[in-house]
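Shared chain: subunit A. Partners: subunit B in the first complex, subunit C in the second.
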Partner chain A sequence: MNRCAETKAATPAPSETGMWIFILADMCIFALYFFVFAWDKSQHPEQFIQGQATLNTTLGGANMIILLVSSFFMATAVHAARQLDVARYRHSIRLTLLCGSAFLVIKGFEYSEKLNAGFHVASNEFYRDYFTFTGLHALHVITGLCLLAYALPFGANGNLLHQRARFIENSGLYWHMVDLLWVVLFALIYLVP
Partner chain B sequence: MITDRTPLIIVAAISMVMVMLLYVVGMFVIAGFLPPPPPEMSQADVVAFYQNNHTSIIAGLTMALVGTGFMLPLCIIGSVFLAESEQGFPFFAVMQALCAVVTVLFTAFPNFIWLAAAFRIDRSPELIALLHDLGWIMWATPSWGFAFQLICVGVCGLRDKRPQPFIPRWMSYLALWVAIGMSYTALVPFYTSSGPFAWNGLFSFWIAFFSPIFWIALVTVMIIRNVARSSSITESTMESAKDPSS
Partner chain C sequence: MNHFLKDKLFWVLLILLAITLLSWQIFFSVGFEAKTTGILLLVFAFVKVQIIISQYMELNNAILPIRVTFWLWTIAVAGISIGMYGR
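Let's turn to the complex of A and B:
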């Protein structure tokens, strides 16, 4: 308890420096994607306008809302873990897992819609970027779900919850990053004319 | 259990120099295989590349092949550090060592395939182009061996609760990031023309190849500093242990 309190006092931000370095590095990679996307768009503007028109904004937007809601549940879970509220922690983590899975299911529908319409990763530059970037983001979601599934049994008792506080905070940070990246990806790929 | 690290560090340093000298010089300078040629290269160009640089290709690839062998001692020394930090059966140390074998094999196999392409240069051009593609797909795609090595190091580093862990915690996070950064190489077989994810692309080659090298260089500096510090601590404790008896 004391050690935890000391860490809290020493660092104003949650978690630890290493996790923030990880998040920064991962976001740099995504920033490179955004750059590649913008570059390809400037090279083939026609293709990108036509490609964007075929995307399903409703499903993409629904996914954004799902992830934002899941971020709220994740924040609740981290908060519950700090207060050693075991029941609320387990409940919130389960809801986050549910939202993450729903995101993947919707993503699956979206992909099958595109694939059935005859578009695939090698169709043109737009679909290459669309499938690759959203696919790699989905990979991040899957990683996040694995972390959460691993963190779910920590809610067995308050002691365990206290011991694994850092892991839970890190998973929370990671989950918020995944959410944020989707907001930017959604805006960039689906909305920006 | 603490292993005497000095001989290990010497072996690691020699291995590292040998990898750099043999693999990097062989692949980049002599064979001219790295940076990778574009995947959209025509069949005639591929055959001409093998015909015009026949001897230097065989010499460079063979040199690189010997170099890949030296990656093994380097990786296994990593397992020594992992095993010291683990309690009970050293799962991550064993896992890291086995994944190192996979990494070395998948780095060496493409060289055999390209060597076979260069071996009988008068064979049908289709076959040379086929072997060229096979070699590149095998070289660029399977990064999971190395990614798992990094995950083992990262997880071990985060679980290391000793006051002086073998790498600082942020290096463990960086290892996990490099492992994720290498996952793009799985996309290589999708692209037959140059682009960020083709085998010569920004993500599949430049980031996936150089970010691990950057990490290894960083970790080498850390371990050398760590060893210098711990050996000075050991010396001072040994001296202080000697003092009362003398």
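Let's turn to the complex of A and C:
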């Protein structure tokens, strides 16, 4: 670690205001999905009760825990990047990638379970909402994984970590947004009776 | 393990996991009326959202208008979701 990097290591690189606005816009779009789901549920209560009963709450809950743990590793990676701790940064990013990949594997298993049982996006309003909203969320997970895979080599040395600090901070914000959207989706789709 | 116990981020994770387990407990318990269960589950979900925004996303590092807007988002979305469910 050189002297310049050491001096700047203590200063957190704040995420760009533009990134906050982008995330807020994305969260507003998802808020509309939450309202659409709640509205559809009020219009077709029986269909939604029956649909919810077919969901695998254990797998959805496992994915909830996996994303919460991944957020912890992501936050740890951001802190490690600020301290120019390359070993901890690489370790934390790898664990975040592992958690994100596990989420997608479980989601894929869940989808195949539903499709094999004959449920698909056009089956009824419940499955339309379920596949659309969880599918869009899964696309966000994939985007987040791409950002993290791109950010992994930044842990090669302290200087590179310092130069790309803002990208890492912004990727962290994005990943936490993916996590918090699942918190609401999981409650709305899987749990709320 | 000591390293983890000194880490604030780890304690945040434990709180988030505890709220998740509490939500599961409510989901599987038969003691509450369906509407009460639903409202409680949504309240817990939005408490978790606010913890993630404030602790992991470090909203305090953002400029004031962003901080206010994120707070408003949580309050508005939680209010509307709970309102739509509870009516």
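The rule we apply is simple: the second predicted complex is superposed on the first by the 179 of 193 C-alpha atoms of A that agree within 3 Å, B and C clash if a C-alpha of one lies under 4 Å from a C-alpha of the other, contacts with A are read in each partner's own complex, and residues count from 1 in each chain.
We take it that a contact is a pair of C-beta atoms (placed from the backbone, for glycine too) under 8 Å apart; a residue touches a chain by one contact, two chains touch by 3 or more.
Here the structure is a predicted model, which is why all the values come from computation and not from measurement.
Enquirer: With the two structures overlaid on subunit A, would subunit B and subunit C clash, or do they fit side by side?
Expert: Overlaying the two structures gives subunit B and subunit C room side by side.
Enquirer: Applying the touch criterion given at the start, work out whether A:I189 contacts subunit B, subunit C, both or neither, answering first, second, both or neither.
Expert: The answer is neither, since A:I189 touches no partner chain.
Enquirer: Quick check on the superposed pair: does A:L136 touch subunit B, subunit C, both, or neither? Answer first, second, both or neither.
Expert: In the superposition, A:L136 contacts subunit B only.
Enquirer: So if I put the vertex at the Cα centre of subunit A, how wide is the angle out to the Cα centres of subunit B and subunit C? Nearest 10 degrees is fine.
Expert: Placing subunit A at the corner, the angle measures out to 120 degrees.
Enquirer: Which partner, subunit B or subunit C, touches the larger number of subunit A residues?
Expert: Comparing subunit B with subunit C, the partner touching more subunit A residues is C.
Enquirer: Taking the superposition as given, does A:A81 touch the first partner, subunit B, the second, subunit C, both, or neither?
Expert: A:A81 sits against neither subunit B nor subunit C.
Enquirer: For A:H176, using the defined touch cut-off, is the partner it touches subunit B, subunit C, both, or neither? Pick first, second, both or neither.
Expert: second
Enquirer: Have a look at where A:T17 lands relative to subunit B and subunit C in the superposition and call it first, second, both or neither.
Expert: The answer is both, since A:T17 touches subunit B and subunit C.
Enquirer: Per the contact definition in the header, classify A:I29: touching subunit B only (first), subunit C only (second), both, or neither.
Expert: Only subunit B is touched by A:I29; subunit C is not.
Enquirer: Scan A:F72 for contacts with subunit B and subunit C and give back first, second, both or neither.
Expert: second
Enquirer: For A:A151, select first, second, both or neither according to whether it touches subunit B, subunit C, the two together, or no partner.
Expert: neither
Enquirer: Tell me the contact category for A:G61 with respect to subunit B and subunit C: first, second, both or neither.
Expert: So A:G61 only meets subunit C here.
Enquirer: Minimum C-alpha distance between subunit B and subunit C after superposition, to be given in whole Å.
Expert: 12
Enquirer: Looking at subunit A, which of its residues have contacts with both subunit B and subunit C?
Expert: 17, 21
Enquirer: Can you list the residues on subunit B that touch subunit A in the complex?
Expert: Going through subunit B, the ones touching subunit A are 168-174, 176-177, 180-181, 183-184, 187, 190-192, 195-197, 202-203, 207.
Enquirer: Going by the contact rule at the top, pick out the subunit C residues touching subunit A in the complex.
Expert: 7, 9-10, 12-13, 16-17, 20, 23-24, 27, 34, 37-38, 41-42, 44-46, 48-49, 52-53, 55-58, 61-63, 66, 69-70, 73, 76-77, 80-81, 84-85, 87
Enquirer: Any idea which subunit A residues touch subunit C in the complex?
Expert: 12, 14-15, 17, 20-21, 24, 27-28, 31, 34-35, 38-39, 41-42, 57, 61, 64-65, 68-69, 71-72, 74-76, 79, 172-173, 176-177, 179-180, 183-184, 186-188, 191-193
Enquirer: List the residues on subunit A that touch subunit B in their complex, please.
Expert: The touching residues are 16-19, 21-22, 25-26, 29, 32, 36, 121-122, 125, 128, 132, 136, 139, 143.
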